[in-house]
Amino acid sequence: MLTVKRLSLTDARLLIEGARNKAEEIGVPMCIAVTDESGQLIAFERMDGGKITSTIIAQDKAYTAAGAKRTTESYGAASQPGSPAYGINSAIGGRLMVVAGGLPVIVEGEVVGAIGLSSGTPAQDSECAQAGITHLLSKL
Amino acid sequence: MLTVKRLSLTDARLLIEGARNKAEEIGVPMCIAVTDESGQLIAFERMDGGKITSTIIAQDKAYTAAGAKRTTESYGAASQPGSPAYGINSAIGGRLMVVAGGLPVIVEGEVVGAIGLSSGTPAQDSECAQAGITHLLSKL
Amino acid sequence: MLTVKRLSLTDARLLIEGARNKAEEIGVPMCIAVTDESGQLIAFERMDGGKITSTIIAQDKAYTAAGAKRTTESYGAASQPGSPAYGINSAIGGRLMVVAGGLPVIVEGEVVGAIGLSSGTPAQDSECAQAGITHLLSKL
Amino acid sequence: MLTVKRLSLTDARLLIEGARNKAEEIGVPMCIAVTDESGQLIAFERMDGGKITSTIIAQDKAYTAAGAKRTTESYGAASQPGSPAYGINSAIGGRLMVVAGGLPVIVEGEVVGAIGLSSGTPAQDSECAQAGITHLLSKL
């Protein structure tokens, strides 16, 4: 039998709070999704003005980061034409996201969940996702 | 041009809060989803212990209630064998839910969004969804 | 509670009329889709001779332009290899379109819907979509 | 942070071994799937002669039993016409299975995964799934 650490709903709310604070600071209304370590949704918020397409994309970024235990941004590099993971962006019915903005949440060396953002530029999405993680880690 | 009223994120949080309070009271950890009047997700929470399958089902109940402007329970009756809507449960790739637990949120006669719950019995899901709506309406 | 402006069916017909006029002028039978600001279909016409695959693509172009509040053409540039949104074309089950021909309809600074065309070259699709918007705006 | 118990691959193999032994005994080549507590696949075997359609159905039975923390057979009863969960069989894109053969694996009161079988009659599928669980529990 295995024992697995997983974000609680309280943890997920802290991730969203930290990401939302940063989104407000930079003035970009975001879709923010948090999944557990298996990529299953725990919590989600669309800030007023967040994009409709981002309701799905944010969830899929978190799913990808949790499931593959890596940032979606890292897949962007690995999936360029000529690179080994080229074409992986359409895997899993298109759920595998290779655009920045999905980050695994790592606690004591273990992936315990992930956060995914969408609505800004990929760089903004990543920045806010990281702010969520920093906020959570400061509370643990 | 039309003008449409829609739940804000603040409203969605109140819906979730009311539903969650009732869920805690009856001791059933729930998945709670709130969509806007177009069925697009605004907010979601999976209480610790909520079911994995319910992460999707709760969202689809809210989508159905918002999109069809009726309770998912009413579809349950209408889709029984021999009834006019028989078979509609598999429509929209299976997203159209005919099990109780999805309620439209109606303000001044207009559907402004919906709330969907899943993890309990359909009756419990509905009861908690209604509690969310009652809570929101008491704050408006 | 939020208040949202949205295309009416009358508006949608004007968008299609303007696009169709241009399509006839250039001699390309088009599929023309109009969605509301949430990406949900309001009106659709396949001109006699329009392509079958375009019935879906036109809808998805409009969905993308409305949902992401930008032209699908802009995604084409942003999603080239090496660019930040590389790989986004397969998001949302492949519904996110990065080929030109989908334009948001913006009235008084707000996205109120979108128009998507398909059957011509991407440049022709865009030209006709723009003609639809110009036609609508001239009537408001 | 939550702590979750989950089947290991060793556990999953024992589940399959027990199910396969029973399948051989009754002379029905089976598809046997084991998922973790989140419904994600850990191990799968199609015995020579197992049905093609069952490769998917066995997985979805295990997914359902793990995700909903109940047997798929119990959904069969609850989803009969006139019953509260009527119509739920098409939920989650049709992945939610209400045919017998999917059982949650419960250890010390917690769902730690699930086993799903398909290729026989539903009663045979269930019988072999239960044999897998009995075999695992005898080894823990």
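Per-chain residue numbering starts at 1, and chain names A, B, C and D are given in the order in which the chains are listed.
Here is the rule we go by: contacts are C-beta pairs under 8 Å (C-beta built on N, C-alpha and C of every residue); 3 or more make two chains touch, one makes a residue touch a chain.
Worth saying up front: this structure is predicted, and the values here are computed from it rather than measured.
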{"item": "Residue-number overlap at the subunit B/subunit D interface, same or different (half cut)", "value": "different"}
{"item": "Chain centre separation (subunit B, subunit D; CA means) in Å", "value": "29"}
{"item": "Inter-chain centre distance, subunit C versus subunit D - centres from mean C-alpha coordinates, in Å", "value": "45"}
{"item": "Whole-Å gap separating subunit A and subunit B, where each centre is the average of the chain's CA atoms", "value": "25"}
{"item": "Residue numbers of subunit B (touch at least two other chains)", "value": "8, 38, 40, 48, 52"}
{"item": "Overall pattern in which the protein chains touch one another (line/ring/star/complete/other)", "value": "other"}
{"item": "In contact (per the touch rule at the top): chain pairs", "value": "A-B, A-C, A-D, B-C, B-D"}
{"item": "Residue ranges of subunit B in contact with subunit C within the complex", "value": "1-8, 11, 36, 38-40, 107, 112, 140"}
{"item": "Touching residues (chain side subunit A, partner subunit B) in the complex", "value": "8-9, 12, 38, 40-48, 52, 55"}
{"item": "Of all residues in subunit C, those that touch subunit A in their complex", "value": "2, 38-39, 63-64, 66-69, 81-82, 84-94, 96"}
{"item": "Subunit B to subunit D touching residues, read off their complex", "value": "48, 51-54, 56-57, 60, 75-76, 79-81, 89-90, 93-94, 97-100, 121-123"}
